[in-house]
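Labels run A, B, C, D and E following the written order; every chain starts at residue 1.
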């Protein structure tokens, strides 16, 4: 089982170095994947408490939108993506300062609406009478789903391969899909209406990379924010939302 | 009356040229970003062929449905008085205002398998709209119809209604008046509305992905294919976008030559 | 007034707009042609709209009966839709369907009677031939001259076989030659048409040639009704007098003289028995013009200047200015022998016996 | 001529009613899904207030820009002859056909900091369009303008051009003819086009998020706020969607009462 | 023809459409009123479009000079835009701006001369007063009757102070009383207007009263030019004769008789010196009607049936059918004493001396 590890392991900037002294200030603009909306809102609040001089502005979008924005010169400081390949594309274009580091992982889950009890295992994805969904093969959550099906040796009869996980969640919530492959965090965020069916194979884990941008207008504060995301306080917030450690 | 030899006033020419730039510049940008050498390869992919076929079918079908239901709706809105009329006139713009993804969700609430009407439909006939080409067509119709309704309604309010009176005096029933006088009189606006509706349906993405899903060959239209490729294969996404623009320009230029040559004075 | 079963049109047309108030009783028997005359803005076209069922419901309080059908009844709120009225109208501004060619415009009515496209066109061709415009069959309305369009509009209305015919100035746009010709055609069709006919016109010739009876409208009210002859002989207002080509004045008679109301003049008349308000009319041919003060039997002689000289075919109409604006018809010979010209001074004379006086 | 007392023909009434259902049903679905008890809380959030304010400002500004440049462009397209005219007419529909994300990317290619024109703009004036309120307005204008251009162009082709000839004969320059005769004559269609443009701008999402980002209080319009909430807080997303629909219906009903009362036969 | 510096209009109007070919030379001097008469479809309105600069460039090959300016030149491709021509037109169908009220319609031209809104309205008010329609100032064009709209259109054109005035049937929609009145107003303004005036009309009275010279057009060609009097006295086609109220026939003269071309009839005439093709005219008053075959000096006597009887003010016009369709003016008294009615048989007679014969 390989996870799409970000081309991380960059040597620079150990997480804890020199964070306490030098006061940083100004604004940090963080571009973050839409699936991070809740956690990053909370992390930003916590960071602002820790660094009163810094004002964090969050801009959420689909990972590909964010990547295009960065490539076209968006005046952002930090990018937190849900897609390692896109992050790599930016690194190859020298748009990142010091490379990307993984800060969270997210496992795949077999989600069903709580009132659906017909689905008990991945095997049920071979049934033609159910409405089943997953992400498209071109996006990470779809690649992970395909790996999951391969591992379980399931020939999935999908009714939709959504371009992003949001569409799968929407369809599950509306009861249109009887089951879908989504992230664990999606189930956690909608615990009142979705539940996860336990899987008998080990699930693949997505990795979320974060990086300071090469053209960051405020690199010192940006570094500080990235460090904070990799730190303990942020870890607790991520844990609570269902994100695994990197 | 044509006054061909006179120049347009400078103010209009300048403003109009700036307006035109707003459309031309992004197109040039797109052309610049296009991977010309790989273009043929990228576009001969099965995925592209399937998506193009589906897009053409569903956008045309949606235009037809939007016309079939939208023209009578526009007529009711402009020619009859009933309670809630101006409310309905405003509600018609709903699909334009609603973010498409929410529009798709609203469609699910109404016509999905568990929706208000969709559930009854499923129970009685076993027919399920989402995840099928019918779902794509419905989503396209939903987003495209406002353009048709609003354009046609405006035209209906503009024409000289005395002609309808004359036709009635000649013994034509209201339906005949509508068919043989009203419709021909608004023909140019109807065509414009249909073009708008078609273009909107052809480019529709958000409602479709939510309501109908995204399965190659079944529900994956070109915009969905573009979106899916954006992450992993940007060149393919740009190539397909260019294909969409080309198809649309060709369709519109051909239509204009054929259809719109008749419009005059 | 008349028995409910007598066929024809009976309309009490009432329309109240802000600045205009129309209240007119009309009756047109089957086979009768009624001409509706009146100055611009009198309300003639509004009456057409009401009868055709096209008037604005908000201001229309009319009651209209056609043959045995109640088309509108203001008291009961009955309103028959325009398409069920069988009221044929030729409008002042044609209103031809621009998207149909001439033959299809004319075939529109027949097609509404359920005829096939082919049959309806055949009927339309017949009407085009009857109106002498077969060669226009394939044209679009925008390719027609004003008069051509008017003829097509007439053909279209006749082809719909209505129960009543309304013409709103059907001949207004026609040239003088076509007008004579088309007046004849129109007359044939009016005569052949069994129902009531209502003709709106400004041209007294149209009214006098085509109508059995004339209703004169001014400012929304009927001011005179009668046969064309009665109207011509006894005009009751200056407008009607102008229509009839007669000079009309109101005044006070006092046994042998009439002191005119709006002019600083007193006429000596032959009638000595009438006292009080009167209408005084003088035919334009009954006034003579002279270079010098005339001697003779004329009792009314005065000097004036010439306002206007209008050649009218074989006669010339001379209009005098103050003190008494009258129109006088003289021969072209008289114009040159007397050296008449606008602005020149002349003597005018009327014999007392030529002045008609009627009490009002 | 009003014929108030007659019934609409059955065929039109039925088709029109089905057409109306397509708009009404999803709205009912949306209303059903709305978390009414939490609504006040959800909508009094700062994020919502900021987004609403920004949406109103940018959609109105985009409508104004689209009118300022779009009406002259429509006039050029319908009243002058030049090479590439029918091509330009087709290109005007580009933003409708292009998936909005691609549209946003195309805008970046052209007007972004690294774009064809944007780079020069940045170098010379230091002014950067994207990721600012100007970027939102530009993205909104881009997607909204086709509606205005196409509606107005259709109206321009429909009016009786002899009136323009008469005005010219009375000594009016082409600009005066345009201002004092042409514009008033197409007023109803212009209003319709502006309403369409406004509604489209108000609901715009895809191009904005790519071209202008999604920063609360700076570039986050209501549709972006809805998008963000869809993942984490679905109730808030639905509540905001409902807010958008309400604003739009209120605006349109009020406009109709004020603006459109003047339009008649 | 005339010196290049002579002020006025000189136009060679050439328009070639599929089914219509117009080729006309027009010259109107400053201070001259030229009336353009012709049947429907003759091309009169097309000439107006050309001079106003509003004709379709694709079919227009005209050359137009106004005073010292070349407005159009087909050979050099010069074309002056309509707004710079200073050509004032009153159109057949008014074309008032519906979004402006009456006073703003009239103020449109003055405002284009750079006057402030207030001043332009003041000028417009003056013109409304001059045309007697001040009370309409606040109305919308849709609230005007046909005739009211026509007057506003005239005011609007005059207010623009053009260098040439073109009227395309300016009086067509007016009632008979207004027509006399407005003809006078029009005449005043035509007389006061220094530039050339071109008047298109169907009504011979308009032409004869208002025009210095008349051009008669048929099917795109000039068929007769002259003073109103010349035209009336010597009509050259049946259309012109009908205009002038005269009977005209073409035929072959053979020393004392004329064998008519289109009718089975030969007339005995007084002129014996003319031989060959001739135009023959007979005044409607020169023909007498009789119940029995008349005895006497008349050399031309024939029996016919009455086609049409039209009362025209103080005379009645009787039109006969085959063999010779002539119009005859008789007194109303004669109609009743002879018992004339459409369809009845009568004898007609013309003295040889009353028949005018001109070689062609």
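Odds and ends about this structure:
Note that a residue touches a chain if its C-beta (ideal position, glycine included) is under 8 Å from a C-beta of that chain, and two chains touch if they have at least 3 such contacts.
By chain, UniProt protein names: B, D = Molybdenum transport system permease; C, E = Molybdenum ABC transporter ATP-binding protein.
Nothing here was measured: the structure is a model prediction, and the numbers come from that model.
Common neighbours of chain A and chain B, listed by label, are D.
Taking each chain's centre as the mean of its C-alpha atoms, the one that lies farthest from the centre of chain C is A.
Seen from the C-alpha centroid of chain E, the farthest chain centroid is that of A.
Note on chain placement: the centre of chain D and the centre of chain E lie 55 Å apart, centres being C-alpha means. With centres set at the average Cα position, the gap from chain C to chain E is 22 Å. Averaged Cα coordinates give chain A a centre that lies 87 Å from the centre of chain C. The mean-CA centres of chain B and chain D are about 15 angstrom from one another, to the nearest whole unit. Contact with two or more other chains is made by residues 53-54, 81-82 of chain E. Shared interface positions of chain B, i.e. residues touching 2 or more other chains, are given as 1, 3-4, 6, 101, 105, 108-109, 115, 162, 165, 168, 173-174, 227, 230, 265. Annotation for chain A: residues 64, 68, 166, 170 touch two or more other chains. The residues of chain D lying in touch with chain A in their complex are 101, 104-105, 108-109, 112-115, 128, 130-131, 209-210, 213-216, 218-220, 227-234. The touching residues of chain C, when paired with chain E in their complex, are 37-42, 45, 92-93, 144-148, 169, 172-180, 183-184, 187, 202-205, 208-209, 228-229, 232, 238-239, 242-246, 283-285, 307-314, 329.
By the touch criterion given at the top, residues 1, 3-4, 6, 8-9, 11-20, 22-30, 32-33, 68-76, 79-81, 86-103, 105-111, 115-117, 141-142, 145-147, 149-151, 153-155, 157-158, 160-162, 164-165, 168, 173-175, 178, 188-189, 192, 195-196, 199-200, 202-203, 205-206, 223, 226-227, 230, 237-238, 241, 244-245, 248-249, 252-253, 256-257, 263-265 of chain D touch chain B in their complex.
Note for the complex: chain D touches chain E at residues 162-163, 165-174, 176-177, 180-181, 184-185, 187, 265.
Across the complex, chain A meets chain B through its residues 63-64, 67-68, 83, 85-86, 131, 133, 136, 138-140, 158-163, 166-167, 170-171, 174-176.
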